[in-house]
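Two complexes follow with chain A in common, the first pairing it with chain B and the second with chain C.
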Partner chain A sequence: MATALRSIPDAALGELRSICGEAFVLTDRSARFNRARVSTAFPVHRWADFVPDVVVLPATAAEVSDIVRLANAWSLPVVPRAGGTGISDGARPLRGGILVDIKRMDQILEVDLANRTATVQPGVNMRVLTDYLRPFGLIYPDQPGSYSQSLIGGRIGTNGWSMVGGRYGHPRDLVVSFEMVLPTGDIVRVGDGGGKSIRKSSSGYQLKHLFMGHQGTLGIATEATVEVVTRPECELPAYFAVEDWMAGYRVLGTIAHEGVATLSRVFLYDGWRLEYPLSEPLDFISPGQAVPCVGFALHGIEEEVRGAGKRLMRVLSQAGGRYLGDEVSRFEWASRYDRYIQPLHLGRARDGQVIPMYGHAQDAAIPYSELPTVRQKYEQIVRSLSERHEVFLFEETAVHPNGAFRAGGDYNMELRVGIWEQRLNDESWAAWVKAKRDLAIVAIEHGGSISNGHGTVCDGEVDVLPLELGHAFEVMKKIKRTLDPNNVMNPGKMGLDAAYESEFRDDDT
Partner chain B sequence: MRGWLLADQITPEPTRVANGWVMRRDGVLEVDPELMRTYVRQQDMPRWDFERIVTARQDYLQSMETHMADRVLSGAEILQQVTREAADADR
Partner chain C sequence: MATKPSNPEPSASSEAEREVLEKWSAAANVCFSSGHKYCQPMCPVMQVTRNENHSPTAFNANVVAMERGELGIEDVASDYVHCTQCGGCEIRCPNTLFTGDMYRFRLRTVDIVKAMRALAVESGIHQPAWEVWNRATDERKNEPVLGDLEVSQERVASWADGLDLPIGGETILFCDCEAAFYRTSLPRSVAAILSCAGVDFGLMREQWCCGGPAAEMGYMEQARRFAQHNVDDWRASGAKRILVLDPHDYIAFTEDYPRFFGNEFDFEIVLVVELVAELIRNGKLELTQPVERVVTYHDACRLNKRKGIYEAPREILRAIPGLTFRDVDRVTQWAYCSGGGAGLPIERPDLTAEISRRRVEKAAELEIDTLVSACVWSERYLAAAASEREDAIDVVDLMELVAQAAGLSSDPVS
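Our next item is the complex of A and B:
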């Protein structure tokens, strides 16, 4: 396996050491190989293709700015990396270069109780922040599957989705403003207007939304001011078995339209995963209960949660739902972040033996009316893939409301696929990429979006991003070229190399 | 502190509860060791280690229950109320 530094001259390494300090410039094999992948599907057999040349761990925005200026001077790629838990490939280096790991930028800088915000460095984890806020009676309610591992900088980079966003909003709503080091090294603060804790403004362009979901292509977030909210008095999780998926689909729609303000999350699992345990939520449901399941979670003050709980339980009972009991409901809900604690699933080979599988989650946003058809098509694509290649296994589909502050409208259609990564080869990887492309096209054809919270950076889906965005993709390319004239920030991602092709430049002039 | 016990060094015997599943302790489901022979080998684990892992898991889940909110309400209790009210309305 090739491990030599490909493109970092000694003089540039020396400059990086004077910016970050000797101890925080890493060139050893372990430091670089461990930052080649994130937690999305990865062609393990081609690991060496994605190894950065050098890893740097800056501590301040000024250091990040100096690193980016150096990259421009030496024409070196820069790839930012936060928790490394992304299910898209934003932090996977495609051309070596400098990997900027932000984990040392982990300081909680300020809690502003009067204005209900916290200002943090981008390497702060959401769970750590909520633990810190407990004495103040506050929480930071951004809760992805990687809640205990991912970092606020990565949540900005991916424009992620939160499991409790139906009540509290998603990162784009919860991050009030943030500081960005631009691809030129300049430092700006973006938000709604100028004040760092202003939630809504009509001053100028709303640049926060341009940089939210930048996937490392437009710079590096170095500080964020986030919304903090009152810690709920209580929560009520409840899981119900339903007769079949369509019954679950209908009741999901009914619950969404009840207008319950304390509803943090409602979801529908199809039950396939319950054929055998996969070290994930729902493992508390015993064998024999492998049926589709609808669940919800409410948060708020007790009077509200009790009242809303009665209402939703009535809806589910009238729809034929069977309550799975307090133990299942409580522990399933409490284990909702286990996906990242237990990195390998226990899949099954065709001979029935257990195999270690990476559990991939594909995350389209789909209008409610299209969910049954899309689910059918998704399942067909993955079942056909797994028939041809034993290294893939259809696990399940899960559906959650996609929007912020209320349920209903469009939904996150999650498709779970087990991948036996150690056995991947060029042929099976090509089949996976084709399946990703086919899934993305289905989402677009049904009025949806390829990804609701992970990003569109992976092989396969990135090819069809222009199909989803239409002419807006041309605008994206112009923005990229304007802000990053030397294409140093995460080059090769999201098809944005096209912004630097001479044909595109000529069209523009 | 509990001293050394021979029983703690022995792997608890599994009971088959369904196709592909066994239990060594009430409520803790495990993959049948027969299915872990070829690609992933299951290890024998002394009872003390098994108990340690199960307890740590329960501690974690309990900590998660009070991480975001102060307390968890009982769905069973609320459902009972709903059922009672529906029965009263029928009478």
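Our next item is the complex of A and C:
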């Protein structure tokens, strides 16, 4: 039976229609149900709990500002949504309210060739921008798994991670400045200093970094000025089979410390994901290939890439790596986005039946020294979960350098878990939430961070965000309450309701 | 556009709804489980409206929500208007691209859209313009492609006036409604080309609409009835082979008709574009007259994305002397469309116009003077979009160019 849904007062609805136009205020059930989930694990059995009360599709920052002001006047929650491709729950409404879908804000406003920036609305996608920049010999080098479908507004909202960040940086480096509609409706531009195309400044607080990763709790990004860079003359991807994970781990560190400036990505996959297809009678994958794989990609001018490529090939060969060949390397690299989530390829029931499984990617940031231990603990947590509940499956781990502009130091420890969402119930969902919390605690205990690019918003992990941040979380709460006095922006997220509890307020005053 | 109530009274699912959901549950859940939305940048409608309800993701998610009793057909019927059934979403989906062969799986969003439109009609939910269009088609036996001007069975073969084409025979040329009444230069070109190359063919005794558009808009009973008529006509005239000059008909004859008639449907369906490519290749059709144009090719969605036919049109273009051909690869064109398919221009002409405007803009970036299509349903809207521009891009059908290069007249009848 269809769940009865809440609605907002008719007068507020009328005001929204005056702001956005009749056609861009959606109250029908389909519009609302289709904006409840993002690309992270979703308790589909509780779908109705997460539908917004109304969906609006604004076109300008002024409209967004008016919507937020209205939300304050009517005490309505506001949840921003960009591409809806997030692997954390920033855009999942928890208390209904107004869902602000920014996809219509998709204009490329300016390309400043002299100062090497592009200014765009937040609904612009990275691939679209790079296509637009092609005639100028430029690219916008933010490349998440969702490269062709996520939006720059969402990349700001999550403080995302880019596959080629080792060479070009991540959104926090690539978004030079941006415009935010604050929780009160005021519009500010934040960057390093005041000029919209200034990359580094010592003027005032560096507010860009406060709002980067806001997850909708501090407002809505409505314009961004981003870095554009010279289209690389040369690209070299190379993939190697290695004997075992520890061998891959060691060579990963060696490559990272070679000091190769054109190294945009280096990674280690454990090969477990190939277990399923290998268990079937398929002639085209030979069993010997199901071993861990180390790969790298170089970008730059030809002389740099050719020289660095030879050097890294030699390093990998000396470490026992077996080059998988140009064809595999080029294909794997070209399909790096598309291979992100393929439910059938991941999903197996215990009886071997192929089932569609959502492939969740947990994305902790972990110091290099801790990776082997964390990987073992991660595997234990998920294997234990899957033993108790058939709807979960341990799939694989992947490791990538986490920082910008150079490899080494801390790494993105990606853990992939298959979830048979169709069969989720309250019991299995509670087990998942507990597992998320346990995984987060492991990351924290080993000096890491719960998430390197998706966000710490999901059920379970969010409970231990204060544990990760320590007293800094108290500062976060103060900032939240100061900027969002009525708690209208994405309420309930990141544990920030605590900012409005009387005890905290008393402490503050 | 039909409006949707905010909080409808929950209604018991109809038997028809249960059948549709059962059939499409697995496919919809594969999409819903992945949630990666690679399809959305491909989708010509979503590119324009930027409304997630108009995305392939939503078309699949709706099925999941209906299965769980949260949405009913009355909630989602208008979502499914927003699709040209181009198939870009299916072919771009990583589930199709990377694991489809292994698991014999291909995303089937177009079929889901068709099924949900059919369910809407069966449930008494009609989109106003589609209802009028299909009623008119039912009355006149051909689509009302001339607006207020009457189309009728009496004039369905008027395009062939003066060509002296026989009726019946083993090979029948099926002439699409848009071609028969609106762009008669296309069937005249095709007839001239086939005759020149020595291909014997006849026309139907009484040609009704193929029924494909009705099937695309959800009027399945009508589609089936029209199909039955056409098949009966083919059998009555001893036809074994049907030549098809329009990709939409090609879909109807290779997908809808086999579903309707099963193994009894034993006609050979030949796409004219592929036949002409073969005739040129075999030297049976010589292209000797230079065509001094700078062209690009608009990959017809139903050929490129739905049927994987992209080589033959290019082979033909490369065989035309004098032509400068500035190609855009077929994969890039997965994201292109004219917006002219699956009834979108009937119910949402504003969206079709914008989709076509963007397509022509892409062509104009190549500094061409002619946009060549192999889909007659795209040409009206692309031409309208081109006519709004100052650079005067000509929109022509591939067969019109071939006729010109073969030195054949394709003057349309008045």
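Structural remarks
Keep in mind that, in the parts below, the second predicted complex is superposed on the first by the 483 of 509 C-alpha atoms of A that agree within 3 Å, B and C clash if a C-alpha of one lies under 4 Å from a C-alpha of the other, contacts with A are read in each partner's own complex, and residues count from 1 in each chain.
We take it that a contact is a pair of C-beta atoms (placed from the backbone, for glycine too) under 8 Å apart; a residue touches a chain by one contact, two chains touch by 3 or more.
Just so we're clear, the structure is a prediction, and the values are computed from it rather than from any experiment.
Shared-chain residue A:354: touches chain B and chain C both. In the superposition on chain A, A:314 makes contact with chain B only, not with chain C. Once the two complexes are overlaid on the shared chain, A:233 sits against chain B while remaining clear of chain C. When both complexes are overlaid on chain A, the residue A:122 reaches neither chain B nor chain C. Once the two complexes are overlaid on the shared chain, A:335 sits against chain B and chain C alike.
Of the two partner chains placed around the shared chain by superposition, neither chain B nor chain C is touched by A:93. Within the superposed three-chain model, A:28 lies in touch with chain C and out of touch with chain B [touch as defined at top].
Within the superposed three-chain model, A:141 lies in touch with chain B and out of touch with chain C [touch as defined at top].
When the two complexes are laid over each other on chain A, chain A has residues 127, 277, 335, 337, 354, 356 in contact with both chain B and chain C.
Per the touch definition, chain C reaches chain A in the complex via residues 4-8, 10, 26, 29-30, 32-38, 40-41, 50-53, 57-58, 61-62, 64-65, 68-72, 75-76, 79, 94-95, 97-99, 102-103, 105. Interface residues of chain A, counted against chain C in their complex, comprise 1-5, 7, 26-31, 33-35, 37-39, 42, 44-45, 47-48, 57, 83-85, 101, 103-104, 106, 123, 125, 127-128, 146, 148-149, 277, 282, 335, 337-345, 347, 354, 356-359, 421-422. Touching chain B in their complex are the following residues of chain A: 127, 130-131, 139, 141, 143, 164, 231-238, 276-277, 283, 286-288, 299, 302, 305-306, 309-310, 313-314, 317, 323, 325-326, 329-331, 334-335, 337, 346, 348-349, 351-356.
Against chain A, the residues of chain B that register as touching in their complex are 17-21, 29-31, 35-40, 61-62, 64-65, 67-76, 78-79, 81-83, 85-86.
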